[in-house]
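In what follows, structures are represented as structure tokens.
After this come two complexes, each holding chain A, first together with chain B and then together with chain C.
Here is the complex of A and B:
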């Protein structure tokens, strides 16, 4: 019996139905494409008429869909980077360099039994991961990814972000309480105490920034950091203490090492997630990795210039209108990929006698795609504001994600009373100090500016 | 209908909720299930049978933090509004000193709690 047949036999009946449904969906997609080709103009008119609704649906879909690969990338990054830091090899079996491992993990979690313990409160038990995941999605709503690329630009964006982010604790507490497990309960209560305590320094550390910026809209804050175009405009350099406090408190808010007391596996099994399995467990950890990105993203927005490049970009215009090429465009599209693939495959085939012709062709094809993608990205980067913004934003955010992973690889977990004492005895007074020093400095500078007149 | 602010929040919450429940549904369709025996439904507490009442009385340090949190969190909202308008106040020095006094009163409360040992392991009175 082949592997495929054996796997097919192991599926439950609904599973088989679902695997039949997926090709059916493919056929439906083809039908959709044909429909768009035939009635495209009418559909476009209706869409433009309902533009606000279309924008809403579009932003929801994009945010939800971008989260899945993003969580997979962060999970893979964490596995691989910590492995390299521990002098291990890490994932290397599934896909090139093990890159597909987190995807396979996701599929595995999807197919695992989703079990509710006997005495658990089933309703609360099910809603807990939903609440945690929803708060993660909701806090991404105000993030400005690039110029014009955000869910919603609220004038209370910063306050909204903290308010929604603090709701995570409700979900964790729900999970901890409803599991009917002492470890879960301890984990849930710990998370409540921890998140609630670090909420205060987290929110207070950005008050100095709010004084400087005079606004709470995240878009406005990003724009304020682009006066001269150099990285010295970033609030990181005008609010160093605030940045430090914010980074520490944000790490604690996201339950990351060294502050991951809520799921300290050496003490309380897995904390609030002890009794969870299958997809409900999956959503807890999906949300956790999204939260890592969101925390990095909000740090980038507030302190590291958001979508602004660290240096002023030279004005290059490299505009190619594809329409002006005429018939040459068709020839270009038809011939360049074939010739390019062959040309790039030739060296592998000619100069390495071990390489078979089809391996060389695949290598050439991949290389051609990489080069073409690179050229296209460069063109898009130069011509579109939002592509450049997205590049810098995601680049900076992932640099911070790397920092989080680095911390996890380096720092040991703190003790719970040290954790709580640190928030109240050190971070809170430091945040207040930062706030009043900033306010006094603003007072003096404004007075000096007003004096000569 | 203007699709701004609150409608986006409601819509995002709804979308996130439906996404999770749809995924739960899909997982329920394709996942394995077996009944198991009585031990399957028991809470996992490091492999031994559970002892005592889980939702009974629970020794919990740091419960007074919740009270401190409420005081400081409401203060934070107030400070945010003050920070927003700080640069455009007609008399910024009065604004500065009044906020200083306001925070000093709150810090007095924190200092009292600190002195009482609320911020240490074991709670007050130790």
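Here is the complex of A and C:
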């Protein structure tokens, strides 16, 4: 045995990892530096030349990275809220108040066996969850989260959203067809029938809004809802019937109770997902909850003012220039955290005799961070438009997510013929009525404005 | 598919002819010509009806529902012949839970039979005990002490509420409601804890004895009962307000699975399923037994005969049961809880029938004694089995989504159906 091999054997596992990683990182860094030094200008030129593509790739990556944790949050929300509505406790084992349970579920589906039934169409079976997941992420590309914070600002944003969102049905049909299971087949066909039917009132209900706004760009639509700054500007109040139709049809689009026929467990086991397991099932599962968020988000964008606050905020400007602070900057950075932590730790140590000093210090540190984070958030909210916008947008969207969860806890499921009848007999005529009334009103008002006095 | 032990080292042996090794697990041998399209049933049809059912028409398909479907109640398997979503014909397959109780009973002495018949309808075990015990008492011609009769009625009515509460939740679950079942389980759990304090068991109580009951009322039972009685009606009504005023629920349940009086009588239905068609037949009034003639209560009936009527009728019955419990507690006499009987009983040869009005209908027991210490024959008449026959008439024409709801509204318990 050579010296090298003996030394290698003596290393611990982290040691081995570092032994490999550090040289590797060094080589990679060197390679990057050399590449930039040699071809930097050309690469920059290519990137700038293809900026839309770069932006697309970048924003899709970011959305994917954001949406999986967001699905975790929504899944946890649903578990906990429905548990409380059922007078149960719900998840409380993993992490504080069970908050890590959905993360653990995510890890679990990663580790489970990825089973394909015999005689299933393996290629279609594998691609179905990918289609569902990627359409969910792609349709979020046009959502304006905050002023200046969006993937793409298209002038046909709304059309793009419905077109890509409607692609979900292809994935569900693929999954249902390829599973080699009749329950899956029925689930897939149900979802096709349901989503195609509800797409029509869903799209028609926003045509009136588009007439009013005069644009299909989601950014423009949000900006148009902030004329006076009050919530009365929201399209919800100018298009109440459209809002109602949109909310109902959107619930059906997201396959949520009371329209969750595609995965009705008391009828067709788990619908199109019956034969799925492991991460392929995980993709369906995440996509479902991402869809819930996206449907809430598009409702907020179209009808509830998007990123606009419901009331005009006072114009406070509190920008601090770090250079002007002088010696206070040193005090702020070096002394305030230490003193703050000690000051917040002291009460725990002094007034509770059982608390050890280090426990008190940890508590003080956590408390200080919470307070400092609060102050920092307030500062960011006041100073940056996009922080305030994101706050209101996410807040409103999650209020709607809560509404979806609430409906799931309360309502039974409708029957397939009732579902179809409702779409074609009630929602579609109502959407058309809404469209005609809006169009007529716009014509009359325009004519009155144009008429010579 | 067979499994064999792989050799300890080296490559696995080549698979025998006609088989290949699974790619997932080389220890598993799969047959090459294994056909996934196995015909149902795997044998050639044995009767004309089977041949007719298992011939598919244009655009029809079979769907196996159960025995592992998440919402069949117990292990019922139903082969559905579907045309799209609409059920054309059904073929129920029973027997997955068959234990041969009636045969077991013939080889047990009279006291032991009580624990054998207990798990038949495991949701309402007390009634399964009540019918045979009364039949034996008629064979023996023994008089049960009045206090024992009151305790029987009291615990029986509690069990009826527990059973109905569970039904209400189940029915909602089959229509897609998530919350009602958990709310009604709270109700059931309180009663079950109460009965556990009285009988020592939560589910299979084994409480009634020939000539009385096993134990007297105790403090824990009484305190739990008093606590629960003070809020029972309000709690049940609040819970079910979630459904009764729900447009979706009412629209789905109304007019679904309609049974008219003539059909119900033809199928020998009893209990709430019969009373929902407008026939006020209740064994507690028509053939009074125990102390029921002394108690005041109404027999609620409805005339629609659909799922909603059956559901609402059970809610009414819960209220009547609470009335009966009130009166039992009010009139509870002092005295012994067991008649004086020898340890080993040998009734004289003869036969006796006894029926009690359970939560699902008439539980009957027909006992034949040959003079030994074991019953010669004990025939159990189970209402679930009778009611389940109606699915053959009710399901064709339904939508797939309504199958489970119709089945649930009849409230069959597979333990009792398969015996």
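For this structure, a couple of remarks:
Everything below uses one rule, namely that the second predicted complex is superposed on the first by the 388 of 453 C-alpha atoms of A that agree within 3 Å, B and C clash if a C-alpha of one lies under 4 Å from a C-alpha of the other, contacts with A are read in each partner's own complex, and residues count from 1 in each chain.
One rule holds in what follows: a contact is a pair of C-beta atoms (placed from the backbone, for glycine too) under 8 Å apart; a residue touches a chain by one contact, two chains touch by 3 or more.
Just so it is clear, the model here is predicted, and its values are computed rather than measured.
By the touch criterion defined above, A:119 reaches both chain B and chain C. Once the two complexes are overlaid on the shared chain, A:374 sits clear of chain B and of chain C alike.
By the touch criterion defined above, A:395 reaches neither chain B nor chain C.
Of the two partner chains placed by the overlay, only chain B lies in contact with A:133; chain C stays clear of it. Of the two partner chains placed around the shared chain by superposition, chain B and chain C are both touched by A:269. In the superposed model, A:182 makes contact with both chain B and chain C. In the overlay built on the shared chain, the residue A:216 is in contact with chain B alone; chain C does not reach it. Which of chain B and chain C touches more residues of chain A: that partner is B.
In the superposition on chain A, A:417 makes contact with both chain B and chain C.
In the overlay built on the shared chain, the residue A:240 is in contact with neither chain B nor chain C.
Once both structures are placed on chain A, chain A residues 118-119, 180, 182-183, 269, 416-417 are touched by chain B and, in the other complex, by chain C. Every residue of chain A that touches chain C in the complex is listed here, in rising order: 82, 85-88, 118-119, 180, 182-183, 186, 257-258, 260-261, 264-269, 408-418.
Every residue of chain C that touches chain A in the complex is listed here, in rising order: 36, 61-63, 69-71, 85, 172-179, 182-183, 186, 242-243, 246, 248-249, 251-252, 399-404.
Residues 11-12, 14-15, 17-18, 52-53, 55-56, 59-60, 63-64, 109-115, 117-119, 126, 129-130, 133-134, 136-138, 141, 151-152, 154, 158-160, 177, 179-185, 189, 192-193, 196-197, 199-200, 203-204, 207-208, 210-211, 214-216, 269, 274-275, 278-280, 282-283, 416-417, 420-421, 424-425, 428-429, 432, 435-436, 439-440, 442-443, 446 of chain A touch chain B in their complex. Listing the residues of chain B that touch chain A in their complex gives 1-5, 7-9, 11-13, 15-17, 19-21, 23-24, 26-34, 40-46, 50, 54-55, 58, 60-62, 65-66, 68-69, 72-73, 76-77, 79-80, 83-84, 86-88, 92-93, 96, 99-100, 103, 107, 110, 114, 119-121.
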